[in-house]
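Same chain, two partners: subunit A is paired with subunit B first, then with subunit C.
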Partner chain A sequence: MRLTQGCFSFLPDLDDEQIRTQVQYCIDKGWAVNIEFTDDAHPRNIFWEMWGLPMFDIRDAAAVMLELEACRKVHADTYIRVSGFDSSLGWESVRISFLVNRPKKEPGFRLIRTEGAGRAVRYTVQTEAAAAE
Partner chain B sequence: MHAPDTMIDALADVSAEGIDLRRELADTRIAEVLDQLDNELVGLAPVKTRIRQIAALLLVDRVRRRMGLTSETPTLHMSFTGNPGTGKTTVALRMAEILHKLGYIRRGHLISVTRDDLVGQYIGHTAPKTKEVLKKAMGGVLFVDEAYYLHRPENERDYGQEAIEILLNVMENQRDDLVVIFAGYAERMDRFFRSNPGFRSRIAHHIDFPDYTDEQLMAIAEKMLAAQSYRFDAAGAAAFRDYIAARRKQPHFANARSIRNALDRMRLRQANRHFEHPGLVSLDDLMTIDAADVRASRVFEIDEEQADKKG
Partner chain C sequence: MSIMGKKVQPSGEKRSRYAAGVMEYRQMGYWEPDYEPKDTDILAVFRVTPQDGVDPIEASAAVAGESSTATWTVVWTDRLTACDKYRAKCYRVDPVPNAPGSWFAFIAYDLDLFEPGSIANLSASIIGNVFGFKPLKALRLEDMRLPVAYVKTFQGPPTGIVAERERLDKFGRPLLGATVKPKLGLSGRNYGRVVYEALRGGLDFTKDDENINSQPFMHWRDRYLYCMEAVAKAEAASGEVKGTYLNVTAATMEDMYERAEFAKELGSVIVMIDLVIGYTAIQSMAKWARKNDMILHLHRAGHSTYTRQKSHGVSFRVIVKWMRLAGADHIHAGTVVGKLEGDPNMTRGYYDICREDFNPMQLEHGLFFDQHWASLNKVMPVASGGIHAGQMHKLVDMLGEDCVLQFGGGTIGHPMGIAAGATANRVALEAIIFARNAGRDILAEGDEILETAAKKSLPLKQALETWKDVTFDYASTDTPDFLPTATAAE
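This part shows the complex of A and B:
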């Protein structure tokens, strides 16, 4: 199942040149660019693992592409996303986030039904990757 | 100073039927930077000539590339050698601007680092530190001051070597992304390049910064003072000429930097002189540095002592 999450997720995957352009946009806006990865891409999982530190004082997207390349080498078969954090007063939050890498085979999600009191049914969405653990 | 101009002229003639290089020059607006370089910096004729030549080369290369003649990015890494205070950092700043205007670097900023910024203190600390600096410099110019400290032959386990290897790797593989300029004293840089042959072949332009003459230092002093709305009176100027001659003979002479420090101390004396004098001070007094402010310098005492010893 193809994961659609964050910006541009219904478009075809961005190629490196497009990623570079987006990253440069973030830098020009003054946002700190982060690279994060995970195999558990549940929409509620906001804690992806960070690749290195947030990149605050860089001027050019080449630096981010360098790190992304390094991250892809190590975590080729996971989801990797790039996010831009705006630290200016009033925002102080992530302004953009988009996928830049996905595993070859995307396991998708499974629906778990739990019988509750009476005839109530509670539903849980679980990622296959988490289930495999 | 005429040589570089004729060079650009000559190039313009060659392609007279095709492209107007002058217009190209005007479009990139590097002429402004070059003029600024001429006006701001006293002396340094060989450096300015060299920079004009590099600028002309890059400009032609840009045109050639547009015509589909070459595709290879030229190697732009440089080494600036010269004694302290000869304007290496200032020229590097201008260089970044020129390269940016010609489109060889994307941002045009300059990151100035020394050994401390690149080399870590324990195993595994150096690589991330160097990479961090390189990331900051991407799209601009990385200025490595006193680069020879990176290499310490007396300690074979020194982490400097690791930083050198990372630098070399990036200099080779990411020529489009950043330009590295090494700076330092001529002879020590020479030794550094000899023990790291990888650098020499990767650096295209070696620029040597000559020492300033006394006349040039005087011009620099006047420029510095004018920038802060001060001036010498006639006696003060004569005294300062003597000061330059005397200071040059003493150790740790750092060209323009010594001059700047001397001027700072003279401003201090001038302020004190006015403060201790009862009575009113005129605008003219506030601006003028006179002979007494200059002559009070310790440099003259030391100079006399040395003269006595010899005599």
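This part shows the complex of A and C:
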């Protein structure tokens, strides 16, 4: 299974130089850059673990790339995403988000169907790895 | 003498304002060239085409009169009211550039003429009677300025662009959708198959068409059940939030609420309505959507009957303004390059109305007034109709990233199937966004960027080969009256 969250999941996985161009784009826009990781990429798991605070005052993508390298060392076998956060009035949210690391084997999700009256089905998406625990 | 077919008192002759009989509208207080509009006034600009021999100022004053307090004759009961305040005032009449016989009439309406928070009331005044007025050959409502004091009486879009993106966890690129085709005739089960394939292939949304409601070939419950099976299955397969716009348009509000509730029970993130349900029904559904955390998609079905011709009707930009107030999260607003009417400059104006908190006056985009939205939620414009992956760079360049790009035929018509069509669109979009962010000139290098991406994506390669020469180059009928002019540096 290939998780397709984020802005560039339908392209081949980005190499570091490609990641750098996108980080620099965020910095040039004045956005804070955030690194987050998780081993549960459920589509409604919003709050991934933060790798430190969002980087608000960085000028050069190289600094972000160093942090990403450090994060990867510790969390090599998880999903890691980079996002750009725009604090300007009227937005105050994420502007871009893309995956920069995947676990070696992506666990995928299972669809649980709970049948109800009138043919209605209640659907639950369950992360495979989490289900095994 | 006779003005506009009515026998009236000649202008030169002094008579009492309230003497019984008929009088020119301009003399009754509907023409005030010195009037300075108040910040709280609602302003409207009409394109007025008087019948031959009818004076443009009198015709414009008549529009002001007939869309506010006036009737064809003097009535003494005006004197029981603060009638000066309630009269709409035409304060400016300009000839339309390059269009002899037509004038732009600017009219100011006092805020107290309108019920707070009601598009039905606003439109009943502004376009209620006056469009059939005999002394006019044609009349078009071009634009409106809605004062902040009035904007603040509306709920607006139930979700808004930012909250929609947060809920869907999708940022940094346009959303991708497709309308299920053929639009009529599929059974629920086959319809769900199209939804599943398109979502699994990489689209964020699929969509019912405007006329998919509950017909003999597919009743609404059947469609909802199969569609939500498809949505859930695609979410599990991709790990992404997916949606399908379940059209809840129906004959009565009760039916619409019933359908919307069922969509909610099944876990849908979005429901859809058609413009033809009417302004009140739209506002009701917007309230329902806010209460139920539902994104509300509005298809502009029917609008071209009154928006397309320049001489008569209501400009689409006015409809977009009304719909932002009424509360649509999505509105179809044109593609420029696709199969449906849409001049690039006018379309830019519609998109700005949807997405900005402040629209400066910009005549070349058809915006006649400054418009403040006072933090009212933003509307996601939807580009739909005759677009394909090979135009991705043009679409992103023109429409920006806060929109839904909807490829119906451009997904389902792919030679290798629906999922491949969806993948082609998604790959093309991501490649263009990546290149733009990396500093490349997507307009100049778009074809090359897509060709390069297609080397690693067979679906995109096939899509580009299939549709490479498809364009819809026809002259628009609704074009700007003003061209940008160079101004000297000071």
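As a convention for this text, the second predicted complex is superposed on the first by the 129 of 133 C-alpha atoms of A that agree within 3 Å, B and C clash if a C-alpha of one lies under 4 Å from a C-alpha of the other, contacts with A are read in each partner's own complex, and residues count from 1 in each chain.
The rule we apply is simple: a contact is a pair of C-beta atoms (placed from the backbone, for glycine too) under 8 Å apart; a residue touches a chain by one contact, two chains touch by 3 or more.
Everything numeric here is computed off the predicted structure, so don't read it as measured data.
With the two structures aligned on subunit A, subunit B fits next to subunit C without clashing. In the superposition on chain A, A:A41 contacts subunit C only, with no contact to subunit B. Look at A:D57: by the touch rule set out above, it reaches subunit B but stays clear of subunit C.
By the document's definition of touching, of the two partners only subunit C reaches A:T21; subunit B does not. By the touch criterion defined above, A:L3 reaches subunit C but does not reach subunit B.
By the document's definition of touching, of the two partners only subunit C reaches A:S93; subunit B does not. Using the contact criterion defined above for the overlaid structures, shared-chain residue A:L66 touches subunit B, although it does not reach subunit C. More subunit A residues lie in contact with C than with the other chain of the pair subunit B and subunit C. Aligning the two complexes via chain A yields an angle of 100° at the C-alpha centre of subunit A, spanning the centres of subunit B and subunit C, rounded to a multiple of 10. Judged by the touch definition given at the top, the superposed model places A:R110 against subunit C, while subunit B stays out of reach. Superposition on chain A places subunit B within reach of subunit C only down to 16 Å, the least C-alpha distance between them. The residues of subunit C lying in touch with subunit A in their complex are 162, 165-166, 169, 171-173, 202, 221, 225, 228-229, 232-233, 235-241, 265-267, 357, 375, 378, 423, 426-427, 430-431, 433-434, 437-439, 453, 456-457.
Residues of subunit A touching subunit C in their complex: 1, 3-5, 7-12, 18, 21-22, 25, 41-44, 46, 83-84, 89-98, 108-111, 113, 118-123, 125. Interface of subunit A with subunit B (complex): residues 55, 57-63, 66-67. Residues of subunit B that touch subunit A in their complex: 106-107, 109, 131, 134-136, 138-140, 174, 176-178.
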